[in-house]
Each structure stands twice: as C-alpha cells, then as structure tokens.
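Next up: some structures, all given as structure tokens.
Look at the two complexes coming up: subunit A is in both, with subunit B in one and subunit C in the other.
Presenting the complex of A and B:
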C-alpha cells in the first residue's frame, strides 16, 4: 500500500493549519484605510490573539493588505512589494476603493479594480470597514487557507501574462526586473 | 563507544530542551506584553506555530554566501555555548563539554553569533540592515564591559575560570554567589538587559523604525533559524546566570523556576519602557552597570 499520498495530505493539512494561525501582515498604508489597522491590532479588538501580527518587511510577510485606493504611482510600488514576498502569500483588498474604485471611481489616476492587477484572496467591503469587519476578513482568509483555497500566488504565476498586460497598460514607465520566484 | 553515543543523545536532548523552553518563554513574553497592554494576547504556544509556518515558507532569493551563513552563525554560536554550559548539576543526561577556562571561552562565543549575523546582514545591501548592525555593535560595546567585569570579579575572588568550579564553590560554602558578591550580580543582570535586546534596548531590531534591522531581508527559513537560535540563546544566557549566581539546579523543575524568574526581569523591564536611542543605551551601560562592575571587582579584591 502506498502511504505517500496520505503523508502528503497530512503534511498539507498541518502546514495549512499553521499558516492560517500565523498571518503576518504587511499593512502599507496606501489609502485612508490604514487608520483601521491600529484599531484592529490594539487592545479593544486585539488581532494578535488570532495569530495576526504585523511584519516589518515584505520578505517576512504573508499577507499584503491594500488599505484603500491605489494611485498609479502607488500601484507600481505595491506590485514590486508583492513580488518581493515569499510564497505562500495572500492579498486582502480593503475598503470600497479596492473593490470598485469607491469614491474615486472617475478619478484620472487611481485604479478602480484591484483584481485586475493583483490576485486578491479576500475583499473587505465598507468605507471604512470597522475592525469587526476586518477581523471577519481575517477569519475568512483563515478558512480559505485551511480549505486549501487561498491560491492567489499560484494564480498570479499561472496567469502572469494577463496580470503583466494589465499592469503595463496602466504603468507607462515600466522599469521592473523580472519576477523572481 | 557507548560513551560517544550517550554524548550525542545527550547533546540532542539538551538542544531540544533549550529549544522548547526558549520558545515557550518567548510565547509567555508575548502573553505578558499583551496582558500589560490590556489585550488578551496570543496563546503561549504561538511561537511554535510561527516557527513552523516560517519553516514551511519557500525561499526564492538570497544575496550570496554570507547572507546564507549569517543565521547559521547565530545558531552555531548558540549551540556551542549551550554545549559548554552545565544545564543541571552533576547530571549525566545533559551534555557538558566543560573545561578549565570555559568562562572566558563563553565570553567570546556569545559575541560570535551577532558578529556573524552582522556580516550576513551586510551582504544583503539593505540600508536598514547596515544601520541595525552599527547600532548592534555600538550597544555590544556598551553591555559587554559590565558583563565581563562581573565575571572577572568572580574569577578573581575564587581563582577559577570554570563554570563548574564556581558551582562547586557555592555548594561547598552553602551560599549562592548572589549573596557572596551582590555587586557582580547587579552588574551582570543589568548587562543582560542589553544582551536580551528587549525594550528599551531593542534598538537593533526596532520594527517600526528600522524595519527589523539586520533581519529585514530575511524571510521564511532564514527567519526560522534566527528565531530558533534566539530561543536557544535566551535559554543559554538564563542558564549561565543561574549556574553562576544561583548555584545551578539539581532538577529540571528547579531550573525552569529559577530561569523563569530571572527571565521576567528583562521582560518586565521591557514592557514598561519605550526605546532608547543608541547613544542613550551606551551611556546607560557605561553608567550604573559599570559602577557596579567596579564595585564587584573592588569587593572581590579587598573583602
């Protein structure tokens, strides 16, 4: 009998549980949504009890939080940051602006739909989403990781041409190095 | 042959003990910080989950050989120091590669890890790493002096440079060295505040200021190695202090109680303090800790 399959499955289950209970977030304050992150982390809502913790640099982080609108200039940096993160990595789109542009829907230099440029695992809607909503977003992401469904990074690798095409359409002065897996 | 096998098994057991105890203490520290900040806090096994997750992450990039070796240096330094320190008094289960002069060797090997890490951080080319390294070396100049003076005071007083001999002295006299030379203990514990690098001396890591300093380009398995080495090293420092000043421990429960109470000193000092600037940290160590170091040496020589 071949035990290899069961071994792989067991390893994956244990790893996924560990990953879901240790989410180190990189909360670059790209918009006004960053103001809700301190409230989520500090004493009233205390996200650390769920294993959610701030990470200092992209290399150490698991979750990239896009907290609000992205201007074209910021998008460039966010893509660079996302590609510096190590697998497995997840993206949380935070607030209405990340979902559909929000109040910036007809702005000339902000992007409207984050999903076109980066693979988003969880959206948290609201303007602003309260800390309860943010915690629910984390819980949703944890569920997805445990079920093995949070495959944003794999999606990005598989559809790199699609994402690069969309990114290059917006960013005119494209001077990135190649994606480093 | 049996002796060698026993030593290897003992080394593995010592390492596992140090790893588990160090990681759990780290988890308890996070819990204590959370309770002080009126939060619920993560479970005390959170550090194990974090370590496992870090180990399961992929490592796509590295910046050269020294960068790969940096965390390994930290680990080597921690493990070598662990192998030399007697974990329990007169115990055959835990390895103890003790020799005459090991106290002097320990002073050297305990600075070896951070120096190796400094080289590794230098190769990443990240400016935050470079700033972190310079800060760390400045701080080391600060706390090493009272630390060495405290140990030298004991060496002068008892005419030995061996940890085991110091433990035997305490056994024969029936009094811990903390009572025989309290100034040396004060100097050593104040120096250990800097050695643990918790607030207010966390100027090297400084997550909100330097983006975690030397660790800023290290993710995944690098960070796992650094985290484990840090945990083992915390156990090493605490066990050394217990061995030298509190007469060692004859069983594991005694060891855990003594090291835990000692560990709470830097943790409790840290939770109520903000971060020092580099020059403030160095002048701190060259103030009262240095004075206590001098007092310890004078006390050893004349009393």
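Presenting the complex of A and C:
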C-alpha cells in the first residue's frame, strides 16, 4: 500500500500548525498604525505567547503588516519588500486606511484598494485598531493558516500578471528587477 | 512693547518701500508686505542689521480669487523675542522668485517644497528635481484649483461601500443652519 498521499497530507497539516505558531512580523511601518504594534508586542498584550514577534529583514519574515495609509511612493517599496519575502508569507491590512482609504479617501497619493496590488489575507478594521483587535486579526490569520487557506504567496505567483498590471497602472517609471521564483 | 514694535516697524519702513505694515502687540509681531524684488535685501537687512537671526518658518498661501500666491517668511529675534512676518505676493500664472538659500541655507528645503507643491519657480535654485512626490506628473497638488477628489477617482479605484458617504462640509452646514460662502463652496476640498 502506498502511504505517500497520506504522508503528504499529514506533513502539510503538521507544518501548517507549526507555521501558525511562528509568525514573524516584518517591522515596516507604512503609516501611523505602526504605533499600535509595540503595544501589542510588549508585556501588557504580549503577542509572543501566540508566537507572533518581530523580524529584522524581509527574508526572515512571514507577515507583512500594512499599518495604515499606503501612498504610491510607499507601495513601490512595499511591493519590493513583499517580493523579497520567502514563501510562506502573509499580508495583513491594518486600519481603515488600508481597508478602503479611510479618511484619505480623496487623497491624490493614497491607494484605496490594497488587494489589487498585494494578496491580503486578513484585514483589521478600526482607526486605530486596539491591540485586542490586532491580536484577533492574528488569531484569524492563524486559523486560516491551520485550515490551509492562507496561500497568498501562491496566489501572487499564479496571478502575477493581474497584480503586475494593477501595480504598473499607478507606479510610473517602473524599474523593478525581474524575479525568478 | 507697543512703542518698541512701532520703532521696529518704522525702521523697516524707512529703509524699504512697504505695501502694507501693521503690528500685533499681543503676539509681539510686526507684519510687513513688500514687492518681491525687495525680498532678498529686506531679509538680509533684518538678519544682519536688526538681529532677526532665526528663520522660524516659510510658507505659501494660495489666494485663488485674487490670482496671487502669498509667500510668507517668519523671522524671530532671540534677544527681544519678537517676530517679523515678511509677506510678498506673486502672480499666480507666472510665480517666479529669486533664490534665497544663501541667506538661510534651510530655505533651500522650503523652496523645494514650494516648487513641488505650488509650482513656484526660484531662479538660481540648485536642488534635485524631486522632493517628496515621486514620479509626479499632475499639476502641483497643493494649489487650490487642483481637484484631488477627481484625480483620486481617476487614478485609483475605489472600494465598493462608500457610496452613501456625505459631503462633510455640507452636512455640518445643513445641520447647524450655516450658510457656506460662495468661494468656500467651489474649492472647499
């Protein structure tokens, strides 16, 4: 009897559980929302008990948090950072500005739909979201990972033309390197 | 204090041809308006001869109805602790001014911002093309006739669900029975 298929499935379940308890956030504050992250990390809310903690570089990180409004100029850097991160990687849209532009809905430089440019797994609403909301967002992400639903990196790879098209629509002077995944 | 401010105002108006001048005793402030050709000399005079050594701030006001840009320099003296505001008005269609960063080097940064956000040209300014905006192709965004909402609708797609959003200014005015003046209606954004 061939156990290969069961082994693969078992391996996936185990790795997903392991991954969900080891989420390293990239410390990249795009907007004012980054101020809630230290409060979430430190002793009162202590996100590390869920396995959530900071990472120093994109290549060591699993989670990219878009904390607050995202300008076109920052989006360029965020895409660059996201593409340097290694699979598995997840994106959290944080705050009402990341959800739909928030109070910058008529700004000339703020994007309104983050999921056109990056595959977003979880949105956390609020302006600002309290650390409780942030932790709930992480719990939701962990659920998704354990259920095998958080496959943003695969989605990005498979639909690269769609994302690239949207990105190129608003980023002029495109000078990104071609990555080979 | 009042006589002292008057004295400073008189000393400036003796040396320069002012369009308008006033004093504000409460805020310890002398306010002068002058032609743009005289700006370098008055700033240099205030800095070197009258001890207004500190440039607090420089800013631009867009007087759309008059067709003018008002450039404002705020100076401060550490000894007497009073301020001098030097204003000048530029033609809105052709806003050109002389470069001033040899007087205060930090004016270089302000001038770059004015150039990018209002389109004011400074002759002789040596600075990189871009300041804050990157790859910007539209009109200078801080001008009051630049319609940010139309631009945002044109460039960025909006998420569904905000259609019932009300105009904040109009809603508040309606609720409190306030009458919005005509000039504020058109360019309130």
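Note that in this section the second predicted complex is superposed on the first by the 180 of 181 C-alpha atoms of A that agree within 3 Å, B and C clash if a C-alpha of one lies under 4 Å from a C-alpha of the other, contacts with A are read in each partner's own complex, and residues count from 1 in each chain.
To be clear about the criterion, a residue touches a chain if its C-beta (ideal position, glycine included) is under 8 Å from a C-beta of that chain, and two chains touch if they have at least 3 such contacts.
Here the structure is a predicted model, which means the values were calculated and not measured.
**Student:** With subunit A superposed, do subunit B and subunit C clash or fit?
**Tutor:** fit
**Student:** Taking CA centres, what is the subunit B/subunit A/subunit C angle in steps of 10 degrees?
**Tutor:** Rounded to the nearest ten degrees, it is 110.
**Student:** Answer with first, second, both or neither: which of subunit B and subunit C does A:88 touch in the superposed model?
**Tutor:** first
**Student:** Check the residue A:111 against both partner chains and state whether it touches subunit B (first), subunit C (second), both, or neither.
**Tutor:** second
**Student:** Taking the superposition as given, does A:80 touch the first partner, subunit B, the second, subunit C, both, or neither?
**Tutor:** neither
**Student:** Applying the document's definition of touching, compare subunit B and subunit C: which contacts more of subunit A?
**Tutor:** Partner with more touched residues of subunit A: B.
**Student:** Thinking of the overlay built on chain A, is A:48 touched by subunit B (first), by subunit C (second), by both, or by neither?
**Tutor:** In the superposition, A:48 touches subunit B alone.
**Student:** For A:9 in the superposed arrangement: first (subunit B), second (subunit C), both or neither?
**Tutor:** Touch partners of A:9: none, neither subunit B nor subunit C.
**Student:** Under the stated touch criterion, which partner chain does A:170 make contact with: subunit B (first), subunit C (second), both, or neither?
**Tutor:** second
**Student:** Closest Cα approach between subunit B and subunit C after superposing, in Å?
**Tutor:** It comes out at 25 Å between the closest C-alpha atoms.
**Student:** Of the residues on subunit A, which ones does subunit B touch that subunit C also touches?
**Tutor:** In subunit A, nothing is touched by subunit B and also by subunit C.
**Student:** If you look only at subunit A, which of its residues touch subunit B in the complex?
**Tutor:** So the residues of subunit A touching subunit B come out as 14-15, 18-19, 21-22, 42-43, 46, 48-49, 51, 53-54, 56-62, 85-88, 180-181.
**Student:** Going by the contact rule set out above, which residues of subunit C touch subunit A in the complex?
**Tutor:** Within the complex, subunit C contacts subunit A at residues 133-135, 137-138, 141, 146, 148-149, 151-152, 155-159, 161-162, 165, 189.
**Student:** Within their complex, state which residues of subunit B touch subunit A.
**Tutor:** By the definition above, subunit B touches subunit A via 30, 34, 37-43, 46, 49-50, 52-53, 56-61, 128, 207-208, 211-212, 215-220, 223.
**Student:** Using the touch definition from the top, list the residues of subunit A that touch subunit C in their complex.
**Tutor:** 72-73, 76, 99-101, 105-113, 116, 170-173
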